[in-house]
Structure formats: structure tokens, C-alpha cells
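Before anything else, here is the set of structures, which you'll find just below.
In the two complexes that follow, chain A is the common piece, with chain B as its partner first and chain C second.
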Partner chain A sequence: MSRWSYFARRVLLMIPIVFFGTTITFVILRMGPIDPAAAVIGASGDTEAYTSVRRSLGLDQPLWLQYVDYLRDLFTLQFGYSWVVNRGRPVWELIGVYAPRTIWLGFWSVMLPLFVGLPLGFYAGLNPNTLSDYVASFGGIVWRAMPNFWLAVIFVAVLTQSEQLFGFQWESWLVETNIVTPPELQRLWVPENFFGAFKAILPAALVLGSASMGNEMRIGRTAVLETKNENYVETARAKGVPGRKIVYKHVFRNALIPLVPIITGEAFLLLGGSVLVETVFSINGLGYLFYAATINADLPLVGSLMFFFILLSVGINIVQDLLYTLIDPRVGYGGEGA
Partner chain B sequence: MSVVDDEDATLRERLADEPVPALRVLAVVAVLVAVEFGALANLVMSLPWDAVGAALPGFLQGAAATIAGVGDGLAGLPTLLSRSVIDNAGYQLPSGEWVGTFMGLSPAAAWLLRVALIYAYGFVWLLVGWWSYLVYRDNYRHADWAPVDDMVGRFRNHSWGLFGLAIIFAFVVLAVFAPALGPTTVDANIADPYLHSIEYYSEETGGVEEIYVGDANGESQSRGQGGENVGPMQYDQYDRFHPFGTLPSGKDLFTFMAAGARVSLFIGVASLVLAGGAAVVFALATAYYKGLVDLGIVIASDSIQALPQLLVIMLASFVLSGTWLANLYNGGVVLALLFGLTGWPGLWRAVRGPALQVSEREWIDAAKSFGQRPSVTMRKHMLPYVVGYLLIYASLTLGGVIIGVAGLSFLGLGINAPTPEWGRAVSAGQPYVATPSWHISLLPGILIVIVVTGFNALGDGIRDAIDPQSDVETGQQDQTAAAGGGA
Partner chain C sequence: MVADSSRSDAGTAAEPADDRLLEVENLQTVFHTERETIRAVDGISFGIAEGETLGLVGESGSGKSVTARSIMGLVDSPGELLPDSSIRFDGRELTGLSETQYESVRGGGVAMVFQDPLSTLNPVYTVGNQIEEALSLHRGLSGLEATEKAIELLEDVGIPDAARRVSEYPHEFSGGMRQRAVIAMALACDPDLLICDEPTTALDVTIQAQILELLADLQEEHGLSILFITHDMGVIAEVCDRVAVMYAGEVVEQAPVVELFENPRHPYTRGLLRSIPSTQRGADRLETIEGEVPTPNAPATDCRFAPRCPEAFDACREVHPEPVPVATETADADADHTAACLLYPEDETREQAVDRHAIEDAPPGAGAVDSGGESR
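This part shows the complex of A and B:
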């Protein structure tokens, strides 16, 4: 089977996954012990309001019809309205407001580990069993065992009191930023704004990317250790290819292949982890919106957001398969080639 | 006895043939149980027997009441390592003399002594476990050699794995002996402080006074800058010793942490039994039958994995919050169920590869053509190969579950409010991190880091022991497992 038909098959397999994922959400929301209409009304318990909410949510229909409507609305991307958190606002509008912050946070928490963790891992792999290797490896192991929410709490406390603790003020350092507010994302092409937004997100992105950083370091290290001893590297060395060129052309490129699923897998983890980090840093992103919608019983909003997350994660999976198809020519040939 | 006998004998016959080593092990175990018998009976009696008793038919209720009486009596038996034998609660007279503590030691010394004894006791159990494995291997096992011997041998020389095992051992002892390890009890200090009282020496009246624990807690708060603070290894003004300091509410942090360890361990183990069981059954089934079964489970597991784990658990625990299920073990049972239901796809992906590999072996073919039932083939010829891989990922996942539970309780979800959970301590100490009361947030966090590192190290050790060739992690299960859904 060719690479592209393998890819097409993978994409085709995503359809039932979106379908079943949405069904699970439906089961939790509509068949669980909580009546969405009663939850929206709250404790006030006005019967008239209750029936009208019931009708507009379609809860007076039989369950199978509700299910069909639910699927139809979501698959045609009609996400409906928020009922409690931001009453009457379309969910798409809320996503438009909240998503950029999460994307900004997610982007940097994927990029930072890549540009810090990987080089450290490659360095450790090129200098195995030296003191710096041990320091980097052990640091990576501990760094990835840290719970994000705890690390975030520590970061917030240390940065807000950096004046007393280190005699240097983080908030006014280079650009004026706040620590526990959402970053300003207007006019990012102006260098000043860009740097301000970057600095505002930096602590949160470091926290959210902490586990990935440790992992990428470890995996980068083992990948370099492995490829370093491959035959083609030895051949290149025997041919007299300079050491630096061997490292860049032969070791790094091949060491990158096992890292693709790791990086995309992490991008997905960030969705769930962003709830805690966004709450601690008060970044009003999607994770925070989901949390607020959940504890305020805004179940229609929760359902639409969950569908949005499913689409995102399936999208990330497709990107991963695409990258694999592009990078590794062995993919798709079943057992023989790989 | 002849060799042929040996081959055919069941374990029971082999035991009957040569009872001495087994009896020796049994004697040691009996002694170990005897010194802690009261605590064991206490644990059994603390289960919700009332519910069971009420469900029994009338004529059995009388008998049940008698048994309950005997049980309560047994629960009252003195145990070696209990609070009442080595007591650390007491008060200091102006002369410097301690009253009420074990042999007049200072509370700190008495508490340390008890902790040391409990850990020594736990360590003896560990040694006995190892010894009984040796006895079984040398005296009662069919085979002189089995692949597992090599794995155990490799693990024994794996210092990183042993380091992990030591940490996990310390964590499990902390969780199992939580009521005896804390300087005070959850009941007296955290749950019902106004139903319990303590004695202290008052300088004002010049005599011994009594005070409600709740009132005493009000005077032992840790509230950072300018406020009061009782830090780690300090006494409060009522001569109570706090190994980890106090919470902002004045309650003892160590007691809180020990009880929280119990909750975390319960949720972790229960959810893993569920997820691991499902993962193994599915992995064996998909590897044996392949085809449509495999595709169906791939889609099911991918669908579950497409939902962000932490968010689903958050949502489901909110939806279930009003039901009877949410009150079982203060919400622990629901969390265990949810972590199990959302966690099996990760474990299944991890063991699917090895299961597929073993299903290609010729002995599976032989068993099939021989007409062996599929379930027997799976259990006898595939399971032993898969279990080791499951252990690796189970160890990594346990750390992730602990982080996930702590993250949820940090947000105020999951475990119901007054029940101790590590994340709640981090949340309580959040405003005081950069103040003298730093211990409230920092110590629980550091403990989580240590425990999770321990589970990761144990997982690495098992991997190297099972499969010394594969020191590269090519899959992504590793890291997703250890990250607890990104908490």
C-alpha cells in the first residue's frame, strides 16, 4: 500500500472516532443523573422558566431524537449558546475570544521544550556519562515528575515577590507585564507587543511544557546514543566526513524521527493540562472556560467545547500522521519495510 | 522422592512432602501479624458492617451482633506500634519534665521513635516477602529455573529501580500505617476537632488545663508574614509537635499528608486494577482474534483518548456529584472508576505490541492446532509474557494518577472537602508560598515529586529487567502515562 493511501486510511478512521467521542459526551451529559435544564435554572426553581429552557434545549423530545439533533448540530458546527457562564452569547464567539490565549500558551509550551529540552538531550547524548550528562538527565527526570499546578503556584509566588527574593523585579523587567492576567494579544507583529505577550506567557508555558521538556530531553539523549553507533555514521566517519557535519546531517536528522509522535502527543496533553495552569495564572483560555462551564453547570457549553476538543485532538492526530508520512519513508509498508 | 513424582505433584502435595521451610515462614508471619493484630482487627471493624448487618435476615442478626462484639473486643487489643503504646501527646511542666508522653520523652523524640519502629516493621515484612519467595523458589517450584529468575536477578542489580522501589515502599508504609504514623489522628485533629480535647500546662493559671482541639488549632495557625506560623519540626503553644508544621487552619500537616497518601494510593491502585484488567483482556483478545475485534477496540480506545482525560474526569465527577456513588469513600471510588475507565486505552496500547508479538509464536499455533480452548491459550501461553509489560506501564501510570487526583482536588473537585488530599494542601498554602509558612504548599508538592519519581524509576527498573535490549522508548505511552493527563 502506498504512503498516501495509508494516510487516507488513517484519516478515514478518524470519522468513527469523532462520532464515538461525541456519543460518550452525549451519554455523560444527557443520560447522567443531572438534568441540564434544572442545572441551568439553578436553585431558584421557577417552573415556567424550567419548561421554556427544556423546550429550547430540546429536552422534551424522546432521547433518540435528542441524540440525532445533538449530533446534527455539532457535525454541522452549530455550537449553540452559553446558558450560564456568559448567558446568551454564541459558543463560537466565546471560542473566538478564549481560544487565542490557549493557542498562544500551547504554541510556546510546545516550542520551549523543543528549543530547550531537545538541545540539552542531544548534548547529553553526545557527551554520555559525564557530569553534565548526569546533571541534565537527573534534572530532566525530576523536572518531568513535577505536578504542573504545583509548579505554577511556585512560579507565581516567586515571580510576584521577585523584588524581595532576588532583588530584581520580574514585572517591570524589559517590558512591563503582569503575572496573573491573560496576555495582550493585539497587534503581535509590532516587536514590542510580541515580546510583551511572549514574556507574559513565558512562566505559564514553561510550567505547561515542563513534562514535555523532561521527556524530550530523555528521548533526545537515547536517540542520539542509538544513532551515534549506527553503521551509516561509522561509514561517514570512515569516509572522513568532518565530525560536526556527521552530527548535523546523520545523527540529528535520524534522531528526530522517534520524536514526532512524542511532540504531537504532548500537544494533545496540553489541552487537558491547560485547565490547571490557566486557572493558577488567570489566563482566561479554553481550559479555564471549560472549568468554569463545568462548575457552573453550563452543560450546553460543555458539550460544544468537548466536541471542539475532540476535533482538535483528531486534527493533531492527522497532522502527526501527515508528518510521519512526509518524514519517514518506511511508514505505510506494513511489516516488511519498517 | 523420585523425579517423576516431583513433576506431577501439585503445590499442595509438594508442601506436604517437605513442610519444614513453609512452616518456618508461616511462624514468622504469625508473629508479625500477632504484634499488630489489634490494628488489623480495627481495620476490619472499620468497614461499614452496619450496612451488611442490616441486610441480613433476622435470625442471623443475633449471631452477627455477637461476632461484632467479639470483633470490637479484638479491635481493642493493644498493638505494638499504636499511638497508645508510644504516645507523643503530652504537656511540659515548667520544670521541663514531659507528662503523658512515652517514658517522658519529648513528643518529637516519641514520634520519631514510633515512625522508626513502624518503618522497621514494614521493612521486616518486605524481607519476609522476599524470603518466602526464595523458599518457594528453592523448595516448592516445579522448575529449577524460570525466566523470571533472570528478571529478578537483573532488577536486583538495577540501582535506579531499587531506588524507586525504596521510595514506593516508604510511600506504601505511609499510606497503610497512616493512622499510627501521624502525630495526631484525622478524627481528633481534622474531622471533629470540637469533639476532642487535649491537656496543656497553662502559665496563667499555673496548672494543667483542658482545651478543645478546635480551640487549640485556632492558636496554631500558619498564616505567613506577620501572622502566626508553626513551621516544620516545631511545637505549637500547646506543646503539640508538628513534623511538617500546620495548615492555615491550624491543623497538623503531617497527619493530613499521611491520610492523603492513603486516599491517593487507594485511587491509584483501584483505578489501575480496573484499567490494567481491561487492558490485558482486550490485548489478549485482539492479539488472538485480530481482525474486526482489533479494529473495534482500536476505535473504542481512540475515541476515549480523543477526549482530554482530565476534562472528562472533571465533567463526569461533576455530573455524578449528587449521587450515592459520589459518597463512597468520600468520592474516592468515583475517581478510581473514572481514572480506570479513561485510563485503559493507554495501558492497552502499551501491551498490545507485546501481545501481538507473542501471538505470532509457534507455540500459539501449536496450541491452536492441538485444540486448546482460546481462553486457556491466552491465559497460559500469552499472559505471562504480557504481564511484565503491563507492570512497567502500571508503575508509570500510578504516578500520573496521583498527580491527576492531586490536580483535581487542587481545583476543589473530586475528593469531598474535609477529607485530606495532597492537592488540597497545595491549594490551601497557595497564598503563603513566599512567606514563613512556605511549608504548606511546598512540602506536599515535593512529596508528590518524590513519589512520582519513585514510580518512574520503578517502571524503568522493571523495563530493564524484563527486556534488557530495549532501552529506547519509541512509543509515546511512557510520557503520556507519567503526566497524569497533563495535570
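This part shows the complex of A and C:
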């Protein structure tokens, strides 16, 4: 089947992309103004210590040799040790500590828009120009318009004073959670822990997903509006298909096609955007770690995290292609046929 | 070339209307816009007997497709059927049915083939899937049984290698193939009446001829009645038993097909026939009807064709013509030929004819609308 060979080709194309991504990362890190040896010894300015650090870090080697080592280490997943941020700790261990928080945050800030924004958009598209459509559409614009850094601060302010504002305390409501600390992610299979972790991440996930929620709502609405006026929908009606089945069989699947790149595109944004939100909510995730590593010139950490992010983006891309291939049988018919 | 016109006997006026499979009476479909109400279909009446093919012909914008959609119950807000309209199918009144009640009529009783086969099939499902959907809705078939029946239907409409084709997607079919698949899908519903809304307009000429032939064969095989909508007089001559000519939401002339071609009475029909290239051999220039179809936005108080009519006289701008029987020319004595034009009936003087139209225009049919109307 041509669809699946198309998909396989797309996956293979990801290999050179990972290669180029890592190469560009190396070039930027080594050609830029960052001097890791200076960062390691700190402000003392001791030249002898400086040269010995340079030697021990391998920075006196020729650049091409460093590049080969760098690539070899990354592709064999040997990320080495942190130099500055958390000196001597394996990068893997750091990722193990920080990544789950970001993944938990990212997961919910993709899921919330998906399960709130999309259904609202579809509903508005099916009932255009009604009061509920106006409410949903207006809400979508408002959500989209509020900048994350501002919304995050407002959320923190409102939730910490929920007692005075709404008469109940958010922190102790249902389960005990804090507003500005990393969520507890131990033993999530216990319902209580799961709910606690969910509640702890909810405000941050809402903030991070707010723009996506508005986007997906508005584009979902347009996609449904467009699809339900297609001729094949009228044909389906003309052959007596019940209204409900027309919506879920003939309208939804076609309306999803333009939404796939929107949803996966939002997932990319969350990678970069999470730094701000993580900072405000003190989540201490990968975004925070990456930020700290960059300003401290912790080269192995920055390089490894970049590699991690590149793999993540490529992964999201593959998921996007997979979704396309599943939803739209015309995939792989480049140019030919409508 | 011309279809057997003796079949049209079933549709003569003498017979009680209920005997015909489809009986449309005073159908008025309007669309409400912010500025005005567009009377896309304005009080048309016609009927189709069992096994008969009625051609509905007219320029773009004359209300042909809206008529088809009104019968299928596919007119959505801001469009609506005015309360006086009546569509009886197989003795059952269709106007006023709820959406759910209509679902059993659609497909099961009346199926429809649309104009553009490229966009009438859902691109994300296989052709077989879409035929099987109709089979499960109207014949209760599912699984392997449905697939077998779908293959059989595809073979019926002349798709080669149907067993393989059934699991292909619409984009893997050519235009003509797709229209065949759409027809197979309509047949899967096992309808009594097939509405074809310009089914050949988007196809090239050779494919067009094949599709017309296929429709004729299927009609014979399944005893279908067909409402054939087109703007192509050549196609009309080939497939129809009777013809209704539409102009600006009204039926201006209705006659058996041979009668209409040999003895067109309404000036509009004459104009249409004169603008067919193949009938005008030897002419230097092909005649056209100057101007465009007006968009009717108020109940008619005049003849809507008058501004473009070469034979218009003063009364045409003041009196709305009603369909009246006109003298027939063909051997078929009870040919049931009507025209809505102040020139007829021709055995009366012009004043008498105009008075007759003026009187006929007043009572029930249009009266109920006019009383609430804005322009009188």
C-alpha cells in the first residue's frame, strides 16, 4: 500500500534531520561566545586552573575531533556528566529527575485543549450562529489573547487567595496540593496520587494550553463548518444516513485532517513555552534545567537536552505523519487526485 | 433517439393525481436573506408516473436543483417550504415530515445522484464502505453479505474488476467511474424514484453518453421513475418521456418530449431550442436569449420572462400567466401540453386569454401567499 510506504519514507527522512539538528547545535555551542572552562572555574580567573580544566574537558583537542566525539556520544546515548549546573552528576540522572515533570505538564497541556477546545469547536461548528456558538467563539478568542506569563501570575495570585475570593481553599480542596512546587509524581497508579498530581499540574497546564485551546476551538469550528457543507455530506443525507451518524462518520473524520498539524504544532510550542510557565509555578522541569544549563554554559547538559528536544520534535513529527496516514487515505498521492 | 412517449399516458390530467408515484403541487421554496426573501421555487406543480422519466430543464438559476432538494427534504435554514406546498410520494405527504421521518424516505423511496461525482463521495472511506452504508440502512445487509451485494451493484453499473475496486478509495476512480459508483450507491438504497441532478454535466461527452445509457438500462431493469434535471436539451431528448421547462422558479411549459420538440409553445422554450447547436445547422450564428434569469424576490405579478421575450406585449407586465392547455400537434391526442403564457389558449382572443390568466391567478393557489405578501 502506497500510504504505508509513504509513511516509511517519512520516518527514514527523520534520520538526516536528527543529524543536521545535532550538528547545528554543536556549531552554535562551540562557535558562540560560551567558554565552558571559564564557567567551571568561576570568577577566580586562575590561568593555570583554566588550562587544566580545558585539558580535562578535552577542549584543547582539534574541533573536528571534538565534533566526532560529540556525535558518537550522543548517538550512542552517552550523555556524559554535567559540568556546571550540577557538577559531576550524570546527565541521564538529571533528565530522569527533571523530565517527568515536564512530560506530565506537557501531556496535560496537550490533552486539556484536545478534550476541551476541540469538542467546543466542533459543537460550535455544528450549531453556528447560536448563542452557545458565540459564547464558545468569544471564549476562544479570550483564551488565545491572554499571554502565558501574565495568565500564570494571575492564576497563582487567584489560587493562593481562593479562600478570600471564592470561600474555599484551593490548596486543601479534595486533596492537599501546593500551587507553586513541582508535582509529586510517585506511584501514579494509586488513584489518590494520580488525582493529586493532576490537581497540582492543572493550573500550569491550563495556562500552557490556553492558546492551544483557543486555537483548536476556532479551527475546529471552521473545519466542521466547512466539512458539513461538502457535497458528500449532502449525498450521505440523501441516502438516508441518520443525522448523528453523518456527524461522527462523515463530518468529524474529514474535519480532523486540517486539525492534525495544528495539534502537533501546538505540541512543539509547548517545548519552548514551558520555560516561562515552569518558572512561575516553580515546576523545575526540563525547561528550567535547559535554561539553567544555557546561562551557566554547561555544554554537555545543553547539548544533551538539545538532542533530547530534537528527538522529541522528530517524534512528534512522526506521530503527525502517522495520524495523517491513518485519517486520510489520499496521503502519498502527491499532486495526483483531489 | 427519442424515448417512447406512449408511456406518458399514465400521467395525463384526466387521471386522479394520487395514482402517480410523485405528485408535486404548488411547491414554493423560499430562502430568507437579510435583505429579501428569494423565491427560488415559486409554485410549481408536476407529477411523475411509475417508470416514467420527467426532464426538468432550464437555465442556471431557474430553480431546478432547489426543486430536487425540496423533494429530498434537503432544504435547510435559511430556506423553507411555504405551507401551501405539497409533495406526495407514493400517496404519502412529505412536506412537514420531521428529519427522522424523512430519513426513511431518503434513499429508500427517493434516491439522488448529484452533479459533481468528484465531490459527492467521501474521500476518506472506500467506495465499498459507502455503498455498504446504504445497503445496511435500507436492506439490513452487513458484513460479507453487504460486500458481495456492493460488488454486484458495481458490476451492474459497469465497473470492471468490481471485486478489487470495491475496496478502493474515491480518488483512485476516474470521473466517469465515480459517477457510476454514485449511481450504484443510489441503487443500493433500492429506490422507486431516482432524482438525477445534472448527473452528466461534469463529465466529458463520451462518458456522458455511457452514463445516460446506463441510466436507461437500469430504469428498465428496476422499473425506476426518474426525475432528470439538466440544462442540456440534447440530453432531454435522449432520456425523457415528458419535459417540464423551468424559468425563474416556475414551470412555464410542460409536454411529452416529442410534442415539446416539435411544437414548442412558450417563447422561452422556443428560445432554448433555438440555442442548441445541432438543431440549427446552416445558421450563421447561434441564437441566444439575451439577458439573465431574474432572481424572484416577490410573488409574481407579471410574466417573469417578459423582459427577455420577443413576443411580449403590454399585458405581460401586468398579468401573471398560469399554465393553460394548448393545442397539440403530435398524433398523441391527450398529450397534456400546457404553457404558462398570455398568448394561450390560442383559440381565444388576446383579451379573453389575458382575462382568463388574470382570473386563474387570483384564487387559492397564489391567493394565500399574496394575502400575506408584500408587493400587492
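The rule is short, and it goes like this: the second predicted complex is superposed on the first by the 330 of 338 C-alpha atoms of A that agree within 3 Å, B and C clash if a C-alpha of one lies under 4 Å from a C-alpha of the other, contacts with A are read in each partner's own complex, and residues count from 1 in each chain.
Keep this in mind: a residue touches a chain if its C-beta (ideal position, glycine included) is under 8 Å from a C-beta of that chain, and two chains touch if they have at least 3 such contacts.
Source: prediction; values computed, not measured.
Q: Should the superposition on chain A be reported as showing a clash between chain B and chain C, or a fit?
A: On the shared chain A, the partners fit.
Q: Looking at A:G243, would you say it contacts chain B, chain C, both, or neither? Reply first, second, both or neither.
A: Second partner only, chain C.
Q: Looking at A:V180, would you say it contacts chain B, chain C, both, or neither? Reply first, second, both or neither.
A: A:V180: touches no partner chain.
Q: Now for A:T235: first (chain B), second (chain C), both, or neither, which partner does it touch?
A: It touches chain C, and chain B stays clear.
Q: Mind working out whether A:N254 is in touch with chain B, chain C, both or neither, as first, second, both or neither?
A: second
Q: Go through the superposed model and pick first if A:V319 touches only chain B, second if only chain C, both, or neither.
A: Once the two structures are laid over each other on A, A:V319 reaches no partner at all.
Q: Minimum CA distance, chain B versus chain C, superposed model, integer angstrom?
A: In this superposition, no C-alpha atom of chain B lies closer than 16 Å to one of chain C.
Q: Following superposition on chain A, which residues of chain A contact chain B and also contact chain C?
A: On chain A, the chain B and chain C contacts do not overlap at all.
Q: Can you list the residues on chain B that touch chain A in the complex?
A: 298-300, 302-312, 314-316, 318-320, 322-323, 399, 403, 406-407, 410-411, 413, 423, 426, 430, 433-434, 441-442, 444-445, 448-449, 452-453, 456-457, 471-476, 478-480, 482-487
Q: In the complex of these two chains, what residues of chain A are touching chain C?
A: 230-232, 234-243, 249-250, 253-254, 257, 327-330, 333, 337-338
Q: Hey, which residues of chain A end up touching chain B in the complex?
A: For this pair, the touching residues of chain A are 13, 16-21, 23-25, 28-29, 32-34, 141-142, 144-151, 153-154, 156-158, 160-161, 164-165, 208, 211-212, 215, 218-219, 222-223, 226, 258, 261-262, 265-266, 268-276, 279, 287, 290-291, 294-295, 297, 302, 306, 309-310, 313-314, 317.
Q: What does chain C use to touch chain A in their complex?
A: Where chain C meets chain A, its residues are 72, 74, 99-100, 103-108, 111-112, 114, 116, 118-126, 133-134, 137-138, 169, 171-172, 182, 185-186, 188-189.
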